[in-house]
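What follows is a pair of complexes built around chain A, which joins chain B in one and chain C in the other.
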Partner chain A sequence: MRKRVIFWMTFIGGIYFFLEFMLPAEIWLPQSLLTWLKGDGTGPLARNMLGDKGFIFGGLHEDISNGAIITGVMALGLGLINIMRLHGVRLAKLRKGWVHSAGLIAGMLITIFVGFWHWGSPESVTGKLYGNIIMGTRGLFPGLSSAMFSLLAFYVATAAYRAFRIKSGEAALLMFSALLVMLGQIPHGVVFFDAIFRHGPLRDVSIIDIRMWILKKLNVGAFRAISLGFGVAGLAMATRMWLSMGMGSFFQDEEGK
Partner chain B sequence: MGEAREKEFWLLRVDRRWVYLAVAIALAGPLIFRWAMPPAKIGTAEQFFEVAEKIEGGDGKLVLIAMDWGPGTQAENKPQTEMLIRHLMHRRVKFGVISCYVLAEPFLLNLPKNVAADLNEQYEGTGKTWEYGRDWVNLGYRPGWTIMVQGLAKSEDLHDYFKTDANGTDIGEIECMKNVKTIKDMPALGEFTGLVGAVQVWLQFFNRQEHRPTYLHGCTSISIPEAFIYLDSEQIAALQEGVAGAAYYGQLMTEKYVEKGLGKEPEKASSAAVAMTSLSVAHFVIIFFIAIGNFGVLWPRIRRRLGGGTAS
Partner chain C sequence: MPGVQHASLAMWVLAAALLGPVFLFIMLARRGRKLYIRRIPGIDAIEEAVGRATEMGRPVAFTTGLSGVGPLLFAVLGVFGRVVQLAARYSTGLFVAQNNPEVMAIVEQVMRDAYQAEGHPERFDLSMIRYLSGDQFAYASGYMGTVHREKAASCLLFGHFAAESLILAEAGQQVGAMQVAGTIDSTQVPFFLTSCDYTIIGEEVYAAGAYLSRDPVQLGSLRGQDVGKLIIYAIVFTGVVIATWYGIWGTAHEGYDLWLSKMLLPPPN
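Let's turn to the complex of A and B:
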């Protein structure tokens, strides 16, 4: 039963959003039918879904969109339950790594508490705590988040040192194109390139133009092909989801498998 | 395996901590000493400046700026967004900031406010002022991504769609929103992000059959290759490429709006130019290590060919 409900809800939801995007804003209807449907013009159908020329398929789109957003937000609640099931149990039974779980749960509870309390009163103590210390541009969370992301700079440097080695023709091509693109976008690169090739046959060539040529000509074609692949794969995945073809594993218990 | 590693030329096994240290010094030096080199000329930034220069302003028009970025990519997206905000404020084009990314919330509030404070200080005594509500509106974080953008584009009454700004003020009471009713009153969209798929959502859904805003996009360096496909197909009118684009855009802004005496005093070295110089030095460190690695690969071969022994 549960499986059927989910199947039909997903199918109807999918087909609604597809048609809403594809159909014209108003679907033409004969004037006589339109007048009959409108009646005295006060009914919900007349007010929201009937225009001057015909039927407005997306007449309730704003409400349906809000409903979808609200359903999506419910995932937050699911996330909370999952965290409590995994880390709460680990903490309660003092299993290995319980200290980290305690930190996670404490952080989550403090953020929820301060987040709820600060609503409507940004000037309150908790409002300031949330707005400045936790989430402010110079606050705890953005600082930690920036620090995590900035680690990439160090990993990229060591990865480049280890990976960009001329061990084959392809590797050499990759390395030289990467070098040219890098040099073409940094001030030192332009100065460096100009200084080296000032007197040679390449004196009229700019590293900026070389970089642009690589990005516009070589890169665009390759990336379009990748994007097309993504698109087709996405379409296939969306179709599977729309037809609930991937939900077998969720219902194994129900089916007694 | 260990034996093979022992035989590796020493240039091939530089400890990663030396690489980390070199990168840290290269990045920190220019940031600490506020060293800014003139940025490299970036053609796309020039195009961005020209497009932003032509955006129509006036009553009943609002440029929407989607700040879909957070602390993780603020090093690149923040100067990009700041430059467009500064440009629009200079041109007196009204704008609204919005985000589909929850971590952007503090930046939605503070970035336009800080730029306005900076301009108010710079133009003090000239009678020119910039203030919230009249020059910009903070529409806040809006959940729902695709559905939100679709709804926004289709809405026949944006006052009803948004209801309030981020501070809880009724949209109808905000001066710059008074005559903005639908997407048709939005001549341009500035979308800044480091997130995969974000720009595609805006490109696909933020338009109508009868109106397609001018799309301006700012991306992080890692997503430049992908952004070029939309620039090439003219789906986006202009692109700011990472912090390099922001740095050059900042220079164009200075040339146009500060050096001609419109501002009271020349602006300090922009944060984008300093960040770019820092990155520039770091790029050279990376190139240096790539060269070392390749020398380590080639040198033993050269020595063997020349009849020498194995390197160690």
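Let's turn to the complex of A and C:
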């Protein structure tokens, strides 16, 4: 039963979005029929789905898209329940790390209350406090996010160290091309390259041009090949989802069949 | 180049040309035709990763990254379903870090089904699914903390990732976990390549479900996609030949002026 419900809901939703894109913006209708359908022009059909030349299939597209967004927002409650189940239990039983759970739940509750009762408006005292202490540019949250982001600088260095160990021909090629790109990226690299190749056959070649050639020719070709592959695969997967084909491996019946 | 709001006639033809082989090969696979699928070491490593965690008595970490509900997520669920089945069979610890509550609901259902299918519904525990945060870096820090605290033996990162990819992958590196990543985000592939033991790139993520399940529908779809790609390459090749022809012998045409472009895209308003 559940499988059938999922199938029909997916199919009906899918066919709307498929036709909204595949059909022209206005489907031509005879003028006489159009006039009859419009009537006095005040009905919902006339206002939203009938144009000058014909029927607008996507006339209610915004409302339908908003419906999908509302479904997503409803799912936020699931996230809330999950957090309360994990951290609420840890806090209630004072398990290891309960202090962190308390901090998380307190932050979550403050955010919910401020949001719910419009205490977060920039004019209100609570809004100013919340904005400045938690979410504002000098608040906790942007600072913590920036701290996480800044970790990347160190991790890139360690990742580069691992990547640049020449273990194979491919790794050597990667190392060599990365060296050229890095030299072309930094001012000292340009000076260094020009100084070495000042008198040789490469004297008219700029390291910046080599860098751009690697990035814009070699790299783009590889990126586009990857994009083409997953584009076609995504189309096939979306069609299978729409028709609920081959979904049995993870959408099984209640009996587990 | 104008943005595409509605499909042109050529797009109907192209959609039929790309989807026709998919349906054809699905039909052939259902009728019992054997379809060859090449070995992908990264996908073989997924089962090895679960086996490693079982032997070490430590959990497997799985994350769908920043994926929303869409085709990529369903491709990832093909891998995830298999991982959960193995974890249920061998009673291996598993935690699934979540960034999106909609995805979390689907993930929960997949896990329930997999434990049920393996005959161990009692082993499924809702606390295996951890909703960390909808914010990118808060989620990344939550994942890092969880991987460190739980000392994950294997980390499987499948889905859509952005700047947090290296933070997630380094967390696994720091605890010595075996890591397998799969993403279609070209810009994140280099980070996974340097930090993970195996990286599954682009469409291989879509192939992973078929490879693991050997489901005829998925195998047929995979073969149909290959034919679809050949069609795209033929169009690209034709475009290159036409552009070169115009460039050498014809009048100067740029981008949208070429008839092949006009055929595929409706004229701008």
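One rule holds for everything that comes next: the second predicted complex is superposed on the first by the 217 of 257 C-alpha atoms of A that agree within 3 Å, B and C clash if a C-alpha of one lies under 4 Å from a C-alpha of the other, contacts with A are read in each partner's own complex, and residues count from 1 in each chain.
Quick note on the criterion: a residue touches a chain if its C-beta (ideal position, glycine included) is under 8 Å from a C-beta of that chain, and two chains touch if they have at least 3 such contacts.
Owing to the predicted nature of the structure, the values given are computational and were not obtained by experimental measurement.
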Which partner does A:Ala160 reach: the first (chain B), the second (chain C), both, or neither? both
After lining up the shared chain so the two structures overlap, which partner does A:Arg47 touch, if you call chain B first and chain C second: first, second, both or neither? neither
If we overlay the two complexes on their shared chain A, which of chain B and chain C does A:Ser65 touch? Say first, second, both or neither. first
Would you sort A:Ser227 into first (chain B), second (chain C), both or neither based on which partner it touches? both
Answer with first, second, both or neither: which of chain B and chain C does A:Met182 touch in the superposed model? first
Touch check for A:Leu86: first (chain B), second (chain C), both, or neither? second
Between chain B (first) and chain C (second), which does A:Ala75 come into contact with in this model arrangement: first, second, both, or neither? second
Just chain B (first), just chain C (second), both, or neither: which does A:Met135 touch? first
Regarding the shared-chain residue A:Ser145, is it in contact with chain B (first), chain C (second), both, or neither? both
Just to be sure I follow: which residues of chain A are touched by chain B in one complex and then by chain C in the other one? 21, 25, 72, 144-145, 148-149, 156, 158, 160, 162, 223, 227
Which of the residues in chain B end up touching chain A in this complex? 14, 16, 19-20, 22-24, 27, 37-43, 70-75, 103, 105-107, 110, 143-144, 147-148, 150-151, 154-155, 161, 168, 209, 221, 224-226, 228-229, 232, 241-242, 244, 276-277, 279-287, 289-290, 292-294, 297-298
Chain B-touching residues of chain A, taken from the complex the two chains share: 21, 25, 58, 61-62, 65-66, 68-69, 72-73, 120, 131, 135-137, 139, 141-146, 148-150, 153-154, 156-158, 160-162, 164-167, 175, 179, 182-190, 208, 212, 215-216, 219-220, 223-224, 227
Chain C to chain A touching residues, read off their complex: 5-7, 11-12, 15, 18-19, 22, 26, 70-72, 74-75, 77-78, 80-81, 98, 101-102, 104-105, 109-110, 113-114, 116-117, 126-127, 129-131, 134-138, 140-141, 149, 163-164, 166-167, 169-170, 173, 184, 186, 189-191, 193-195, 201-203, 205-207, 209, 213, 215, 217-218, 221, 224-225, 228-229, 232
How about chain A: which of its residues touch chain C in the complex? 21-25, 71-72, 75-79, 82-83, 85-86, 97, 144-145, 148-149, 151-152, 155-156, 158-160, 162-163, 222-223, 226-230, 232-241, 245-252, 256
